[in-house]
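The next block holds one structure in the form of structure tokens; read it before the comments.
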Amino acid sequence: MICPSCGNLCDDNEVYVEGNKIVKVRTECAISSSKFLNYNKERNTKPLVRMGGQFKPTTLDDAIEQVARMLVEAEYPLLYGWSETSCEAVKKGIELAEEVGGVIDNTATVCHGPSILGVQDFGEPTCSLGEVRARADLIIYWGCNPSSAHTRHMKRYASLSKGRFRLPEQKKVVVVDVRKTPTARNANIFVQVKPNQDYELMAALKMLLGNEEIEEQEVAGVPVEQIEELAELMRSCEFGVLFFGLGLTMSEGKERNIDGALTLVRELNKWTKFAIMPMRGHYNVTGANKVLTWQTGYPYAVDFSRGYPRYEPGDTSAVDVLSRGYNDATLVVASDPVATFPKDAVKHLCSKHLAVIDPHISLTAFMADVVIPSSFIGIEEGGTAYRMDGVPLIMKKVVEPPEGILPDVQILDLILKRVRELKKGR
Amino acid sequence: MVELKLKIKAQHLTPIEGEVLTPDNLAGKSVNEILNLETWRGNRRVKLSELFTVEGESASKPSDLHLILEGDLRKVRHIGSRMSAGKITINGPVGTFVGFEVTGGTIVVNGDADAFLGMGMSGGVIEVNGNAGDAVGSGYWGTRCGMRGGLIVVKGNVGAELGCWMKDGTIRVGGNSDIFAGVRMQGGTIFIAGNVGAKPGAAMVNGKIVVLGNVPNIPPSFHIDEIRPSTKVDGDKIQGPFYVFYGDITEGGNGKLFISVEKNPHLKYREAYIF
Amino acid sequence: MEYLLKNGYVVDPTNKIDCERKDIAVKDGKVVESVDESRAKVIDVKDMLVMPGGVDLHSHIAGSKVNIGRLFRPEDHYKDYEVKSGVRRSGVGHSVPSVFTTGYRYAILGYTTVFEPATPPLKTLHTHEELNDIPIVDKACFPLFGNNWFVMEYIRDGKLEECAAYIAWLMRSIKGYAIKVVDPGGVETWKWGGTVQDFDQEVPRFGITPREIVRGLVKVNKMLGLPHPVHIHANQLGVPGNYKTTLRTMDAVKDLASGDKPALHITHVQFNAYGGVDYLSISSRADDVADYVNKNPHVTIDIGQVIFGDTTTMTADGPFEYKLFTLFRGKWANTDVEVETGAGVVPITYSRSNYVHAVMWCIGLELALLVNDPWRVFITTDHPNGGPFIEYPRVFSWLMSEKARERVLKRLPRLARVRTHLRDIDREYTFYELAISTRAATAKILRLTNKGHLGEGADADIAVYNINPKEVNPSLDYKLVRQAFSRAYLTMKDGEIVVKDGEIVSAPVGRTYWANTRAPKDVEDVVIPKVKKLFEEYYTVRFENYYIPESYLACSAPIQPLEPAG
Amino acid sequence: MVKFTLLTGRSLVQGVGKEAGKFSEKYIQEVSTCQIDPEDLRVLNVKPGDCIKLTTEYGSVVLEVAASSLVHRGSVFVPYGPYANLLVGTKTGGTGMPSFKGISVEVEPALGESVPEIKELLTKTYGRVK
């Protein structure tokens, strides 16, 4: 059973179903079992519309009608989310965004968007996770905390995994972070970097790899001797990999921190084999980026307002669209921006028409005008998803959704059909 | 020059595409033709007449046309895109991508300009009498090439990544700059009268950055070269003294940072490395 | 729906028709003897050139590495876009176009079948998802085997039946079409940072050489009766002096050929026909390669022509892309895939004034012109490696006109003209030869019996170009040739008009072909359980999750192997 | 009032809680609790379980505080969520990504005050102006 939680997309969980209910989960991951066992709790099963400030239950047709009208009337709708649903739904979402001339953006925009910007300047030497398991003798987690966010990453793919050419004891683990995370506690080496100075540390590493002298005693709070040791470790490994997370993309410099990391790993390939990989959060954030890229040419922040894909992240990316007050309506699918966006962005989001498609009453749904309940992808509906390393997997359906609840792809299809009718009517 | 004044009608809710607003597009057209030109507001095709009131007249040649834009233009983006000649004066705050890939002419903004001012610029002059946003004089995503020529002057402050990937030309900032000024710079000159955020010149391979104010830190990938009494920006002498750093060494770069000695006592320890 | 294309000049080499005025009747998606004119839609294509739809056997249009190219080159797209309209979805060009645009632009060129030549089996679901989204054209993909752990071990241990059973199982499990080999053994070597310098160099930790891998796979290919010979991207691609490796590779399987049936297709040979010892001394050895091909019927080639301008190189040959990166220091992507293969992507600008690029440009054309038999040399740009496929018409005009070639040649660096042979070649392709090399022959080598010709029963994939082959002299009017082939007057796919006057008028879903191969049951029954066991050790996905159900293909077209396996 | 560096981020409980629902006690409890080094608690003179007020240039919020030796001195860690967002600005530096980490924040004891209830907080902050 493929787990629709994080970018690990573990495909070896066992789920036991009795009747139409998941009764037992065999997995080593707390998040995964919580997902499989709790997904059905606090479930909203009725389409809701806001009237006089209060939610009132309504029919699916009425909810679809309202969302369709909202999108057709909007001059600059934002269609946001897409990372906790199937690629089939993402394709439908792109078609809808194109049809209504809106901006489509996925959660990468506040996750690994900067990583993508970095890749667009430098490319990335990377590999599938099996390569790490089979060959890596040095694993670096920089600004990421798999023990909390990707609990089985180390066991399945990295430091604790048994690979064809490497046993766990042959794999050294280095953690670079601003705080001693749970991951850091189990590392061979922990390097504590000062907040917002990862770039300086990476620059220092590149200097030392290039046998250059640094005119400092310490960089980013790390003594130069310790940086020298780290550089030597990287240079002398047989196959190294650098996993990085939001510690780099969200702190000062953002895309420039990725610039620093990508060019560091590039440099290391002069000495040995070295790969780099972002630790993608939501289980299909990678897939959303991939589908957007092959259908529009761009991975996120795609603006269809002029009838063709345009890409200007920093202006057409969700937070910027909201904070500049560009959009006059928003459709949120399988995501919760109210829980993840800065205050002022959420303010604008909530001040305009807002519709949400989500299995739960998320914080965003709580603020919405229209809420359409959807089935759980990966549990109540199948579809494809892409693992953080780009390996595609087919998610399975194991239980039936509650009566009358449709998957995202079907809801979006109904909206799209209605939108086309309304546009013809004009 | 012939003056043509467009005053935006009211505050618009959704973004307006300003590409059409260049002397190149408007020259040789009658006021009526101009009013009937189409652009986008959000995803709607709208005539300029719906968005602007027009005074004055157009010129026959772009180089003779002085286009004056008035009002709150914060949601108008790409004003002056790919303009080659003439002049645009913007009275009021203006949106993103002003002067996108301009090759010539002059753009004056009397107000604040949003991000990506002069992106991909290769010639002409952009002057902002106010503040400007992020990535001034940078380049389109993935091009690895920022501003290639011309002059950008910002009287106030600028955001992050000023002159990112800049290849040639000059940027002058009267106020402060946010982090990563001149990051990945490949040539040209950046002059900042105020303070800069962290990591100026990071990964630059060529060009020159002059800072009169405070610098929190110099990337570890720079070496100090010497102390100079003064330096020059486009021919005018700038009084120092300056610490001169070169780098970015990790990029095999030969860029130069001129950092005010007086405003940066915390860099004194670096003097020990001068030989 | 029935159609009658009247008064065109038909070029249909398979049926020995060379510019004859002939009507083509179409019914229910097939070419038929005749239709009732009163009921059929009659289209007058008077004096126009009528050909079977183009068949491209090597074009990187879909999959993981292609998408990496799209993702990291926004600057490649932002000035070349397609606005949404009626039947057309929006999208972007240029060297790595988005999926919809890819299908439309091929159809506009009059191409109706395009094969993706390199897919990592583990990521082939991705490839199929993109192929599903490419409208109009029929498609297929070639899984990569040249660095596959199972394959290398079976061949090393001399277990060819088991190897065949494994490949048969994999081919039908992931819906692949043919065996693709890229830098045999070289990618596994690269996964430790090394490169294969020699055809007989041992692969670290596997004790097998590229030669053994190639020979083994050619044998397996025969055992399984796959529809296409082993499709190989030889070792040492892009390396000066590599023509020797290319000759060795071809010669290594000479004894395995049965009669005149090709046993090996060597792809984008332009990149593998270099003399010299470094990039300063690089020269053309296209003559040696062509000479070998002329003398030995067991190989076919495609050229991989270079087009001057900006494009994106992408290949499973990771080590080669790293070499490119060290030359340019620009963008570089590398993606190693566990157990199976890898990939690299690097943007490049081929410039006329660059000596090396000029030599490459000459070599591609030399190969097409020096191989005498157009049934064994196919026109490609190895899209997008040599240049984007939209530039095909330019290549056609060069092949059909010495004058057109001369116009480019005289602007190349002198040394490039001296160290190549193009200036001495006066051969010019006829429309007939062009039709062979771009349709008839490629369909034949892919064993697509309903394609590449307009005989009765053929799929009604038809291209009509607005040029009169009787009047126009391509040798002089090469510009007209280029224009005509750039925008088909009419393209028909399975009997449906998809392009009219160079515009998309409908966008049906194309088929995805795959080889439904089987090894003898008793062998498979032994091998597959073994594979399953090793699978859990080798891969990070479960055996069960590796399988791609037929339902995941938008329009599945399984084809059976020729002779019974074994 | 003491100056700290604000770090927001993922935590296991937040991840697990998230799957249990955004209004679940588990989730809300986790995302409305900030972590500070025990030494710093002493400096601020507050005990684990007390409320403290965090203020950045973008906004301020009252949170419960917990002691954690994982957060090094001078920083305060708040799990991603509706509470942390009140302290984060929309400046993306042209990247589309706001700064969620390394923001300078002022911390002061808020004895007597309490963590705002989530629904009330949402309606109060984002109260619909339509």
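So that you can tell them apart, the chains are marked A, B, C and D in the order they are listed, and the count of residues begins at 1 in each.
Criterion: contacts are C-beta pairs under 8 Å (C-beta built on N, C-alpha and C of every residue); 3 or more make two chains touch, one makes a residue touch a chain.
The structure displayed is predicted, hence computed values, not measured ones.
Set side by side, the interfaces A-C and A-B show unequal numbers of C-beta pairs in contact, with more at A-C.
Of all the chains, the one whose CA centre sits at the greatest distance from that of subunit C is D. Central chain by Cα centroid: A, whose mean Cα position is closest to the mean of all protein Cα atoms. Annotation: 35 Å between the Cα-based centres of subunit A and subunit C.
Centres computed as Cα averages put subunit C at a distance of 56 Å from subunit D. Measuring from the averaged C-alpha position of subunit A to that of subunit B gives a distance of 33 Å. Chain centres here are Cα means. That of subunit A falls 22 Å from that of subunit D. In subunit B, the residues touching two or more other chains are 115-116, 134-135, 141-142, 144, 161, 179. Multi-chain contact residues of subunit D (touching two or more other chains): 92-94. Taken residue by residue, subunit A touches two or more other chains at 117, 120-121, 196, 252, 304, 306-307, 311, 313-314, whereas all remaining positions touch fewer. Pairwise chain contacts present here: A-B, A-C, A-D, B-C, B-D [touch as defined].
Taken together, the subunit B residues at the contact with subunit A in this complex read 13-15, 17, 40-44, 74-75, 77, 95-97, 114-116, 134-135, 141-142, 144, 161, 179-180, 183-184, 198-199, 202-203, 217, 219-221, 223-224, 248-251, 270, 273. Partner subunit D is touched in their complex by these residues of subunit A: 5-6, 30-31, 34-35, 38-39, 41-42, 53, 109-110, 113-114, 117, 145, 147-149, 151, 178-182, 192, 195-196, 246-247, 249-252, 254-255, 281, 301, 313-314, 317-320, 322-323, 336, 338-347, 349-353, 360-363, 366-367, 369. For subunit A in complex with subunit B, the residues that touch the partner chain are 74-76, 100-102, 117, 120-121, 196, 199-200, 203-204, 206-207, 210, 212-216, 219, 252-253, 256, 259, 263, 267, 304-307, 311-315, 324-328. Contact residues on subunit C toward subunit A in their complex (touch as defined above): 62, 64, 66-68, 70-74, 77-78, 81-85, 89-92, 96-100, 122-123, 125-126, 129-130, 133, 191-193, 205, 322, 331-339, 342, 345-346, 537-542, 545, 548-549, 552.
On the subunit C side of its complex with subunit B, the touching residues are 72-76, 78, 330-331.
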